[in-house]
Each structure stands twice: as structure tokens, then as C-alpha cells.
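Listed next: structures, encoded as C-alpha cells.
Same chain, two partners: subunit A is paired with subunit B first, then with subunit C.
On to the complex of A and B.
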């Protein structure tokens, strides 16, 4: 009887190589994020760009149509837009720089050990926890020239004789809303920087102390470089947020008086919901996006990204 | 707390009624429907958007909806409350998305915009067949008529008048404002009533929001100015308008009879300023009269018409809070029935009286609750010379008044523009947006 030989059958060659399968699996894992980001970020941006190329005033549907760069040309002649852009820079850099300074000081203080530190840290977060609209209403009341607490305190302290109209005077309105925003934003920087401070190894400071480094030298050569990644990320995100942040100004001054606090994001709202000019509002949004993109690239280049210094 | 153990107001009231602890007579008008049976199943829902500035309105409108639902079985009104500041924005976005409510409470100056968006329908034939048509004041119909088509029901109406402090006028020896007072009398009153050492100012001028420009325009009309000339062109930058505006702005700039917060004082600012005793007069519609009765007390204030200007003229802008149905609404028949029902004498009276606004129906407006209330006297006396706001003439003006007119006006207030410069720029804005 002939013995049957067992022959090994070659395995079917897979359609994809092992490497290709691995790569594909990786991309499949990413797919939900891509879909979510595409639907919530990319599509609205593309839609806004498309809308900015149309004349789209809701109360004039008969005039709806493609106008190319017409809205962008109109923007060049719009004095209020240029004023709002200038105000936006004033608002953003005034707010973020002071928030950063205040936050840094607060973080350094909260990093020290003292009794009740946990409670103080929690309390420090309070302004950040309160919703923006509520903060705006509280400060609007504090600034109220006729019956607000601020004027009353200054008068009682003998620092003021005439009532100051903080939000109604065009020269004071922007500093006043910036001060409110600083009060609200300091905890954000304080907590971020405090987390960074806690991650710096004590050995570094001890070694520096042994080498004879003073307080300022330790701060300059250890604390600041070690915090740099956090500083870069925190300031960049805060700048972007503040540029788009309209709640405070909208509630406190509505962009007034006489456009003194009109920033580009409140002006965009005004165009969309007062004038119902969605084409022009989309144009303002696209310009704001481009400015933010350019700024972020420049900022990351100047600060050499978030990689720690070698 | 476990949801199962929470009782709604309806359940509490029903329980109390069942226990005999409550009689219908003891209930507030707006609580009564809550103990009655609900509507039958299968009724078509009617979406009604209402903007809520205060809890009293919420209870009142909820009650109106319940009463309507109990009055018939085919439709069920569901109220969608939205904050007043977002009401217009919500409507615009829902219209753009093709999902507007069936009916909404809308200010008359928005109706033209919605017509421009092709979102509202011509109600003229239906309204003319409605039993109460002839009882509604013709001027009220005018506020909701665009291009000779009636687009809404004028739910309640009002006009502008001057609120003033009777008690303090006596205390400071000020000449009390009379029905036929003049610009000079107005200034004299404001000066006498300004006491900076007591943190009191004679007049609470409005500097924020559309009505800041409207109130200033009323003073311009008192000097013979017009927004539109006879040729249909913008004529607001006339000599008469500039003179009157200069005089008006000087109340704040030169005479200092207004508080320093004027450039950012919106309606809340002027109403609260008077209510807290900071200002001793302000211009507003009758809508804040009920609030002032709580703040200042009824015996301490009164209302009077706006003063005569140098041209021996005066005006008060008349406007309405409307019930407006939308073309894309799914329950148009139910929406119309609800609006017609809300205009019936009882709900119409309760709504107007509770809010301090004036009824659009003549028979209701003639009731003593309105005619004998001193807080409303200034408004009722202003009816003979009231006109529909001239800024309703073009739909494109509504938003521009807010976005461009107000910032320009504020520039004039703070001295960055003269009255003449403001009017020239403002006229340019209006001319560009005639539609």
C-alpha cells in the first residue's frame, strides 16, 4: 500500500504585507478622531471660507450670490474693522501679558509651603471657575459709576472726588475690561505654572545652591528654562482664546462706548446678528483665523517650539 | 433628591385643591389653569417662542398657553422660553435653518427684517375676517404692516413718555412737569433735580441700544425734523435736527444733568438708575411702570408726555410687541388660532395689565385699570401725537441702527463728533441701507 505523503500546503499569500496591515490598523484607530475633527473643525472652516466669497445678507435673499473677494475688498475700506483689529491686539496683549505676570507671581507664592496652602490654592481658582458672563455682570456692577463698589471704595479712601465712569469713558473702558479679564485669567496661568514648578527636581536647585547660585540666578537658569514648554503652550493657547473671547466685552460694554472696546470677534457678532450680513461676518472670521495661524507659527518659531532647550 | 419625590407646582396645587385647602378664588390668575385637566391626547403641537426678561412673564405666558390648551382639543401650545437678548438671534438662525417656531413674540422692528428674509406670510385676509379686527387701534395695525400687508398681530402697544419723581420735585421745589411743557421747562426741571452731592441727576439719558437713537430722534422731531423728506430721501441731517440734537446732547455734555454712565446705559441702566433713586427722570415706554411701582412706589412718581420743542411740535414713537407666525412653521392653523385667542379680551387684558403695556384693542384700553392709572397717564395722553417709528420704513435700517447708529451716537455723546457730524454720518448709513 502506497503511503500517502503529507504535503505542506503553502499558506495563501495575504493581500497586504504585515507592515501595510500594521500601518492600516494604526490609521483605522485614528479614523474616529479624523472624522470628529473633520466634522467639527475642517468642515466649518471650509464652509466659512466659502460663505466669505458670497454676498449673503439674510434680509436680502434676492441679492445672494458669488462675489469672489468682494467682501475682502470691502474690509480694506472698513474703518471700524481696522479699529477693531487694533483694539483686539490691545485687548489680547494687555490681558495675556498681565495674566502671565500675575499668574507667575501667584504660582511662585503657592509653591512655597505655608499653613492652609491647599485652601488658598483652591480659592485662587475661583475666578477661573466662574462663568464669563457672570464675571462680566459682577464687574459691570463693581464699575458702575453711580452706585458701584469701586467708586465708593475709592471715594471713602479719599483717592477720588469726582465719580469715574469706568466703562462709559472711551479712554478707560478698554483698560477696565482688560483688568476684569486679568482677574479672571490669572488662575489659569497660576495653576499651569504651579504644575510646572512642582515637576522641577529639587536636586537641581540644591546643586545650584552648592555652586553658589543666588535666588535670581536659580530663577533665571533653572526655573525659567524648565518652565519654558509650559509657558509657550499656556501663552499660545491663552492668546488664541482671548482673541476669540467676546463674552466679557459683549456683556460689559457691547463694544462701546463709541467702539472703544470693539474687538474683531464682537464686531463679527455684530455683523452677523445685527446686520444679518453673514457673508461679511464669515470674511471677518476667516481673517481672524489667518491672523491667528500666522501668529501661532511666528510664536512657535520665535520660542523654538515647546522642546526643552538642550 | 430622588426625582420621584419631587412635586411640580402643578402637583402641589392639585393636591391642595383636592384637600380642600385651596379655592380657585385664592389662586393667582396665572395659577388657575394648573389645577384644571390637561388637553386631550393627539393635539397638534404649536411651538411658541417667547423671550423672558422676568419670572412674572414666565408664569403669565405659561398660564396663557395652558388656558388656550384647555379651551380646545386640536392644538397644544408649547412655550419655548429664550433670554430676551438672544431672542432675535435665535429666530434668525432658526429661520436660516428652516426650523422657525410656529409663532413668536417679536418686536415690530424685527417684522420687516423677517419679511426681507421671506420668512413671514401675509395675514391680511385672515386678519380682516377675524372678529376683533375693527377693535384693534389702526395705529397698532400700522406697526405690523409692511408693504401694505399685515404680517403679525400687535399684541400690546406702547409709546414713549417721561417718568419723573413727584416726591423729590416737591422736596427740591422744582416746577412739576406739565402735559404741555417745553424744552426749557425740561432743562429747568433736570437742573433743579440734579444734586451731585446726593448722587442724584435730573435726567437718565440712554446711550446704549437702538432706543438711544430713537429717543434723540423724538427730540429732533419736536424741532420739526424728519427722518425721511417728502421726496422719500433721508433728511435727518437737517438744520432743525442738528439744533435739537445739540440741545439734547448738551444735557449730558454741558449741563451735566445726567449721570456719567450715560454712554453705556441701556434700558436696564436707565430703569435701574431711576429705580435706585440716582436719576429723577427718564424716557421710556410704559413697560417699566410696573417695575417702578415696586422700586419707587406708585405715589412717588408719575409720567408725562415728551416736551414741546422750539417748533411747537412733539412726537412719541409708537411700537408694538407682536405675535408673529412663520411661513415654515408646521402648525400654521394652530398658530393662528392661538394668536387670535391671545387677542381675546380676557387674556389680552391680563397680559397687558401685568406687564404695564397698553392693550391694542380699544375696548380693553378703555378700561379704568389703564385710563385711571397715573403711571400710565403720560402714555395715554401721548397717543394723539404718537407716530410709528420712522425707522420702520426700511427693513435694512433695523440692524444698522444698532451696529452703526449707536456707536456714532456715542461718539457724539463723548464729544468726538459734533451733532452735525453725527447726523451727516448717520444719514449716510441710512441712505446706503434703504431697501
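On to the complex of A and C.
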């Protein structure tokens, strides 16, 4: 390493050795990130854990005090918490599986060569890039019982006689918010899988063709195995992201009607914003964090065995 | 799948009618909701609440846009400026922090480097709701409620882990030899980073910077929690505020939705190629 430079200038001996200066420079470069994430992630997480051990309801300051695992005990008895966990599972599984299927189909279509491919690609990826509130409001409007487009279309097609209140019907609300999330998330899988498809060498397909493999066989024996690593990474990322994601449901239904769309992350927001119960909200978010950490460890174990593409 | 000749029947059907029908369905699925809101943003009150539903506005009236932009209760011009400022500063600061950190992690030898990388990966998976209550009390104690700083600093919690993680990958893909010659010429580490590494990593750095901008532009929960005054709201918070406050004015709201969408949609359309290559590179590496 650059020893010539040192030899060329044998001036005063530096205070620190070259190696020590390298290490110091390295830490200096890391200093901003340590401060930024220390103040916005590390300290808040420690604070959240601490808050979860206190009774801390903003409108009842006289009750403030250390209660140990009291909030956690309350959580075990809280039916809405268990319901929210079940709903989270429903929300994540419904959203991610349909996003994956839609994204896969979209990626296969966009991978073909046709006129105007670049334009179609850009347009179909748009739902992914726009703000969550915007997605929520667009769909709230589409679902609006009296002036919304969906009821009107269904009525015109003769598929519906009475107006349906999509977001205030307990059995339809969850499918409705999942449909919205699917619209939003299909482009994510499309982009990821398209990148994966483009990384597969054409020669593989040519060789298979020479061997007489049909379209389906090539898909099954080349496309799917080659995409496996990216499928694992994209799906796991998406599962975690969807589990944590609260914006869509928070804006569209606030977890209602009657907790039908209450997932654990919106339930946490409800405790903080509506009940001003910061202790219990912190408890819920710590539990959310533990679930995510467990999933992340599992994911890291699984991906360790996955060979990288390209 | 597209070489000349030797196509079997399945391929001809898949490449022809199925492809075109699929593309039409895909485009309609992605765009129809936008078209609906875009049309609504031009409609008059009478058209918005007519039965049976009026699909096409009679004229391309900009009244809803003007009203939303200049409204005293929900001033979208102000929300727009707030979003632009918060997202731009977040982008610049995130990029500066992450370039330094990414370079250090890619080039210097540390004890526990692997652990640090795992922490960056894990941080991306933390739920945002976890940070809301502690950050609120923190910003409150520091007197930062209703300031841009509170929003910008909070945004680091989700922009920085991702950009550092991505940039380490980019920097590692640049051969060390290129820098070593610069170091020999007496450039110093920082000089080598600015003059050799950054120009080569420019597409990656740009992609992560745009990511930071777009994700801050979309941010909702911090924006509604750490601001209470109308003039401090971002677009996302302003839109939500508009819904919560009155009977929903779908015309103005649609105009607000289009205003909030346009900048990121344009950015994405122009930079699409770079952005996608930049953001999928990490996943491809596994």
C-alpha cells in the first residue's frame, strides 16, 4: 500500500502510525452515521423498551409509574391484540401472495420484446412509487358507495343490485384493503423479477430448445430455479415490510369496522394516537419488533443457503 | 424465447394474443385508478355528486387545483413547499452521511464489520410505529415539535440504513487499484473518494439519493405526529388532514392527490432506468 509515498518523504515522524491513522479515519467516516442512527433509532428503541415498563397514559398523569411487565401481562389478556395478530397474518399472506403472482405475470409480460416496451414498463410501475396516503385516498374514492367508480361499474355490468359499502362492511373491508395493497405492491415484484429474468443467459433457453424442451418445461426447469434467490429475497423483504406497514389501513379504515382490519401496527397507532396510552403502545411495538427480529433471523438462515445470481 | 424460426404453437399463442391481452390488462390495472382520480380532479361539484355517475367532466376546469393550491384551510402550495424542502434536505444529508459510512465499511478494516452490516440490514426491518412514541417525546424535550429538523432527522431512521447498505455494495464493486494510484499521488483518502470513487459510483449514488427523496416524500406517520400547525404539514399529512377535517371534498382532494403524485411520477419516469438498476442490484447480489 502506497509505501513509496512514505519513502519519498521521510520528514518528521508522524504522531500516529500509518495503520493507526487509517483506523482513525475509518471511525471518523462512520461518526455521522453513528450520530444519525444513534439519535433516531438506537436511543428511541431503548426508550421504547423503557416506556413499555411504565404506566404512561397522557391523559392520566397521576397514574404514571413503573409497573414492570404489567403492560405485557395486559397484552396477553387483550383479545384485540390477538385478533390484530391474526389480522396481520391475513393481511401479510393475502397481500404478498397476490402481489407475487401479479408481479410474476407482469415481469414475464414486460420481459418480452414489443413496441413501446419502455413506456408500458414505466406506466405499470407507477403505483409503487407514489405516496401511501395517495394510494389509500385513490382507493377510498374508488370504493366510495355512492360516488365511487367500483359500484358504478359493477352495477352497469349487471353484477350488483344494492350498493356495497366496501370499507364499512366487516367481511369486505379486509379483502378491500388487501386489493389496494396488491395494486401498490405488484410493481415491486415485477421490478425485482424482471431484473432476475434479464440476468438469465439466453444460451440456457437456446440449449433447452435444441434439446426439445417446450415453453412450460423451460419455465419450470430454467426460469424458476434461476429466479429462486431473488424470489426468496424479494418475498422476505416484502413480508417484513407489509407486516410493519400501517399507512394504508390507517388512512382507509383506521382498523375498523369493529377491528375487522386492525393489524398489530395500526393497533399500536390507535393506542398512541386515540387512547394516548404510550406505555401500552410501546409494549405493542416492542412485541412487533421481537416478531420481526425472529423472522429476520429465520430469513438470514434461509438465505445463507441461497447462491447469488450473476 | 424470441429467436427466429422454430417456434412451437404454444409459443406463437403466448407471444401473440396472450401477450397483448396480458399487456392491455396490466396497463389498465395499473392506470385505471389514476385516470379515475385525474378525471375527478377536473369535475365540478355537480358532476362529482351526480347520479348516475358522470365519468367524463364536461370541461377541463382547473378550479379544484386553484382552490386546493390557494385554500386557507388546506394550503397545498405550502404543503408542497414543505415536502420539497424536507425531502430535499433529507436526500442531501442522507447521501452525505451514507457515502462516508459506505466508503468506510467498503474500504477500511474494522473489527466487527460483519456485525455492523447486519445491524444496518436489521434496522431496515424495524417497524416505524416503534419509533413514534419515543421520538415524539425526544423531539418534544428538545423543543423540535413543528420544525423541519424533527421531520428530517426522523427520516434518517429509514433512509440511512438502506442507502448505506446499498452504497457498500457499489463501493466494493469498484477496484481498489484505481484508488491506490490516486493515494500514491498524495490525494489522501477523502481526495480519492471524491475524485476516483464517487464519479465511478455516480449512478448508484444517484439511485440511492432518489430513493431517499421519494421515501421522504411519501412519509406520513412522522409528519402527522411531529407537526401540529397547518403551515408545517407536508403533502401526505395535509391530504390526511383534509380528509379528517370536513366532509370529504373529492374534487379538491383529487387535485391534491394529483399534485402530490406528479413530482415523484415525473422523477421516476425520467430516471426509471437508473433507478431500477440501482435498486435491484442489491437484491440480485443476494
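We take it that the second predicted complex is superposed on the first by the 257 of 310 C-alpha atoms of A that agree within 3 Å, B and C clash if a C-alpha of one lies under 4 Å from a C-alpha of the other, contacts with A are read in each partner's own complex, and residues count from 1 in each chain.
The criterion applied here is as follows: a contact is a pair of C-beta atoms (placed from the backbone, for glycine too) under 8 Å apart; a residue touches a chain by one contact, two chains touch by 3 or more.
All values derive from a computational prediction rather than experimental measurement.
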* Spot which of subunit B and subunit C makes contact with more residues of subunit A, would you? => C
* Pick one for A:227: touches subunit B only (first), subunit C only (second), both, or neither. => neither
* Of the partners subunit B and subunit C, which touch A:41 in the superposed model: first, second, both, neither? -> second
* Between subunit B (first) and subunit C (second), which does A:240 come into contact with in this model arrangement: first, second, both, or neither? -> second
* Which superposed partner A:30 touches (first subunit B, second subunit C, both, neither) -> second
* To do: Quick one: classify A:60 as touching subunit B (first), subunit C (second), both or neither.
  => first
* Asked: Can A:147 be said to touch subunit B (first), subunit C (second), both, or neither?
  -> both
* **Partner chain in contact with A:292 - subunit B first, subunit C second, else both or neither** => second
* If you stack the two complexes on chain A, which partner ends up touching A:249: first (subunit B), second (subunit C), both, or neither? -> neither
* For subunit A, which residues belong to both interfaces, subunit B and subunit C? -> 144, 146-147, 273, 278
* **Residues of subunit A defined as touching subunit B within the complex** => 58-61, 80, 144-147, 163-165, 167-170, 173, 253-259, 262, 270-271, 273-276, 278
* Would you mind writing out the residues of subunit B in touch with subunit A in their complex? => 88-89, 92, 95-96, 113, 116-118, 199, 207-208, 259-266, 273, 276, 278, 395-396, 399-400, 402-403, 406-408, 410-411, 413-414, 416, 435
* subunit C partner contacts - residues on subunit A that touch it in the complex -> 1-2, 4-5, 22-23, 25-27, 29-30, 32-33, 36-37, 39-41, 43-45, 47-48, 51, 105-106, 109-110, 112-114, 118, 120-127, 129-134, 137-139, 141-142, 144, 146-147, 149, 152, 183, 186-187, 191-192, 195-196, 199, 202, 205-206, 209, 214-216, 218, 229-230, 233-234, 237, 240, 243-244, 246-247, 250-251, 265, 268-269, 272-273, 278, 281-282, 284-286, 288-289, 292-293, 295-296, 300, 303, 306-310
* Structure fact -> In their shared complex, subunit A is touched by residues of subunit C numbered 1-3, 6, 8, 10-11, 14-15, 19, 22-23, 26-27, 29-31, 33-34, 36-37, 40, 48-49, 51-53, 96-98, 100-101, 103-105, 107-110, 118, 121-123, 125-135, 137-138, 153-154, 156-157, 160-161, 164, 180, 183-184, 186, 189, 214, 217-218, 220-221, 225, 235-236, 239-240, 243, 250, 253-254, 257, 260-261, 264-265, 268-269, 272, 276-277, 279-280, 283-286
